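Shared between the two complexes below is chain A, which has chain B as its partner in the first and chain C in the second.
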Partner chain A sequence: MAEVSLQGEQRVFMTGNEVVAWAAVAAKVDIMYGYPITPQNEIMHYWTRLAPKYGKRFLQTEDEISAGFTMLGGVMTGRKAFTATAGPGNVLMQESCVMAEMMRLPAVYVIQQRGGPSTATVIYAQQETQLTCFGGNGEGHRIVFSTSTHQELFDYTLKAFNAAWTYRFPSFVLGDGYQAKMREPLTIYEAAARGVDLVPTTPLVGEAKPGQFKHLRNTYNTEDELYEVVMANQRDWDAMAPKVVEWKDMHCQDADVVFICHGVVARAAVGAVEELRAQGKKVGLFRPITVRPFPDKQLADAVKNAKKVIVAESAYGQFLKMVDLALCGSKVERVPVLRPGIGITTEELVEEYNKL
Partner chain B sequence: MAKVIKIALAGEGGQGVQSIAEILAEAANEEGKNALYIPNFGVEQRGGVSIAYVQISDGAIGAPKFVKADILIPLSPRAVKRTKMHAGKDTVYIYDNSLVQEAEVNDNVVGMQYFDVTPPCPTADEANRDMQQDMIAGEPKTCSFTKPGPGVDPADIPENVKKVIACPANDIAKNELHPRVFNIIILGAIIAATEVLPLDTIKNALEIKLGDKFKANPQLRDMNFKALDRGYELIKSAM
Partner chain C sequence: MQEVRENNVLQPAMPKCWNEETKPHKFCPGCGHGMILKALGEAIDELGIQEKVVFGCDIGCSLLSWDFFACDSVQTHHGRTTPVITGMKRANPDIIGIAYMGDGGGYAIGSQHLFNAAVRNEKMTIILCNNCNYGMTGGQMAPTTLPGMKTETSPYGRDVEQTGYPTKGPEMVAAVAPEGAYVARGTVANIRQLKGFIKKALENQLAGNGISFVECLSSCPTNWRTNAKQTWEFVEKDMAQYFKVGELRTPQAKEGK
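The block that comes next holds the complex of A and B.
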């Protein structure tokens, strides 16, 4: 294979972790802060190889708590920064995540989910869906993109930086160990080659004009003071949500049965829908790309003619809760397929359909 | 919907299962096909069964793993036991009936990932000799492909599959070529069984992957290509 570069665009064949590192280069990231944990280690490995070639930097910290907070420090000074983690590392990073929510810091986190709780497996799960959307003592003011292919991993990593710096909410790319470690083809590109504008960064603290200093607060003296800030953030969030929400649907309008999945599991559902449609079965697929904000109206609309929905995830009901909330006014029957920590294949989803 | 060819390879850590899966998937990609390769990765340090899943198609590829393989290739007695769930009625089952000495560890051994460590060379006469002996004293030892082992129990071979082919790749490598090209024989066998890629594409991929080594030692190229052809012919005549 020819040497990989970001000149124009290039079809490449690589692991998801490598894809994330290249996407960060394409996003013109200044610095990555990180602490190693499987299955995201290679994001750091590739970044440390690529960064010097592009005049970029890397800081390895003593743990994930520190990786999260040093990233916030970098962001405050106007550096485009990110970190990547998984599993227990994601748990440790939560304090920095909620601080980013409260202080409106455009931090970017890449999460390659592994099996939990605690150390559990280093392999795969979708058990960090709730944690990534709502972890910490905040209101979940975070943009979370759940990717399904390597192409999306590249596209949405790029997008996460733009979303973060446009709306000043922390943004997350929610991948998993399978996406991290598998290899498949995709096209990587220079942002300019595809007409993607990179949102410029700016220092958020320090001397704005001579004699004028910008400060950010994270401590409040009274309940009311806090309330006003959180409510202002909530209003911004509500105004932003329709602009960033993304989803994909397939054959939903005439479907009797709709699969609802997110992330890598949606790949299995695409296969199942194609196979069952070829047999003349009326099935469809709805897949939120942003699991936060959740495309609730779009989901309710997609399943309004369906009799049943099959909700499949590699966790025990974390995603199902989101679906249930979105469909609380709907009578459509929910059939959960809940497999914490293991993958879900096309064959298994076809089998679940045939059991209905 | 384009057909997706599903290939599962399983072997002892160090047999080179992941390397050939990667070469196969990269060659398919170079050929303009869609390919997806994922290793099973866990916390095994050395020994243990390593599985590689490869899918090749002209269309989109779904989930990264699958239940039933079109081609299932277990390369050690333990890999035969471990991959039973992937054998179905449409599976072409190719197993190595050489007498391979397995590692002295169980699959659930806890240590560092085998990805993060350099495993001792199982093709050396004494597999663990290149390790610091005081570091591995009392520890489980890696497998050896040069010492004979008990071999596959015929009772473990699944019955209701499309075709079963025994392929003594390890013995051929050891006796006729070199233990190190064992996995290249298997690569040739896969090409013959799937007919998904021309043999020349694989030769080209090997040339890219091992180009530097071939340049330093042209004999290595001959040996690898000979192994590839040997594996190809072996399965071609059996199919």
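The block that comes next holds the complex of A and C.
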């Protein structure tokens, strides 16, 4: 059976969900666990078509709780595994996410956000930003990449596997229904073709040598015992944060007004900045790519000369809270554009700018 | 197991796959968990699979077994041991996956996992301790609490009009699992038989036939508030009257063999 399915580089035109499946192939994932939910279904559809050709596996579980926990079982055996979900499925998966955080399991979750709760809209929202960064009864010891284009969906899905297996914290690709369903051109590639090393995997259980067994647990006898484990994880997470944090800025240094957005909304902001700059307006854009860890110092630095910032998101203040925290020492005026569950266009952002 | 003597004193005979450093174990006096795990330990020893076993335990009293064996083990969340071991076995079919849980973990919070693992005939072994109540949380009504039985959340006795009848787990698994499944109910009142069931359950996984499920009738004198005699009577008579002990499904010999 062929080991490598992607040879070199390939220019393609495909949906975001298909891109994720191909990125998992490029990452040499062994097994996907999943449960149907819109708008991520086609990740499973493409994976189940690709997987058998390359000796890979798939398990359709009874719900997202099970998809999360079976995936943890998979990574414990040292196999590269992932799952994908959205909305209420993301809620159910948080239980497995916190187990992964505390046991330091290299779990990978792809989230294609939809408007919550229940079926609500199955199309689009950014209402899972806080949930994906801090869901569950833990401390949010995870890495969350918020993508903006199909090329990034590919690049950061590949990166999420490497980050998870390097740092042993669960890693998330935070997309949305627009990115999932939209079709656009991008380049998919074999990791080696771009000089990307795939981080090797190691089993935590199942391949014990006599007398060298391991006991993994999330049960502790005393508060102090739990505290020590959480604090050790916190120290590791703090040490990791500067190595994984990513952001993009655009014309921030001389800007009077800076847009701050993440995910697909940042794409509309790129258009707004280009349009307004062409009119001679001093505007810029700051966009966290990792919303967890958050590029707080970089954001504070990017807006230090600005008079105002426009914070736009398709949720009511979930991202704004993160921005406010990062800018708590700054006097720059915040202008929120909060549209839960609704897409934000370039024209609307230009209009918001003109209202200032 | 061989008789072990140290300084001419007879030492307790322990299965080789037990983790001696964590003994004596953490269960209450009179609890059935230790007996079930002894039967399991002997079965593992006899099959010589200690290095291939991954032992998963649930939340509730079963979690106290997280360091019980000198085997790889993982303590999961409440009800989630079945999916964790399922995921392992799917990713690496060479392991021997054992999911250990109580009646709450298997029949209430994790019932969807047990049911669907049975339907899919997952090639793993599930061992479930049925002691008619939630022990770790202080003796609440469980899916297996007998009609009329008093617990902290059924202080006047389990009212079947309000709460239904006790869950018959092996009967459910036997009803939905495809061919190749092994399903039995044993009891700590008959350890020799119980060990036989558990051994067959492991052999069924080794043969790759399908799911193997063993429910074990067990004791909880702490929460039952019973003395030794009453405890034993409850296990041997009251429980066995409602929960019939025996094999419910055995894999048929494959044709041509």
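Heads up, the rule we're going with is that the second predicted complex is superposed on the first by the 347 of 356 C-alpha atoms of A that agree within 3 Å, B and C clash if a C-alpha of one lies under 4 Å from a C-alpha of the other, contacts with A are read in each partner's own complex, and residues count from 1 in each chain.
Here is the rule we use: contacts are C-beta pairs under 8 Å (C-beta built on N, C-alpha and C of every residue); 3 or more make two chains touch, one makes a residue touch a chain.
This structure is a prediction, so every number in the text was calculated from the model and none was measured.
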item	value
Superposed partners chain B and chain C on chain A - clash or fit	fit
Chain B versus chain C as contact partner of A:190, first or second or both or neither	neither
Chain C, chain A and chain B - angle at the middle CA centre, rounded to the nearest 10 degrees	110
Partner chain in contact with A:301 - chain B first, chain C second, else both or neither	neither
Which of chain B and chain C A:246 touches, first, second, both or neither	neither
Touched partner set for A:236, first chain B, second chain C, both or neither	neither
First, second, both or neither for A:139, with chain B first and chain C second	neither
Partner touching more residues of chain A, whether chain B or chain C	C
Touching partner for A:76 - first (chain B), second (chain C), both, neither	second
Distance in angstrom between the closest Cα atoms of chain C and chain B, superposition on A	24
Touching residues (chain side chain C, partner chain A) in the complex	19, 50-52, 54, 63, 66-67, 69-77, 80, 83-92, 94-95, 112-113, 115-116
Contacting residues of chain A [partner chain B, same complex]	1, 13, 38-39, 121-123, 177-179, 181-185, 264-265, 267-268, 270-272, 274-275, 278, 343-348
Of all residues in chain B, those that touch chain A in their complex	1, 22, 25-26, 29-30, 34-43, 60-68, 113, 208
Residue ranges of chain A in contact with chain C within the complex	30-31, 33, 57, 59, 61-63, 65-66, 69-79, 81, 95-96, 99, 203-206, 208-211, 213-219
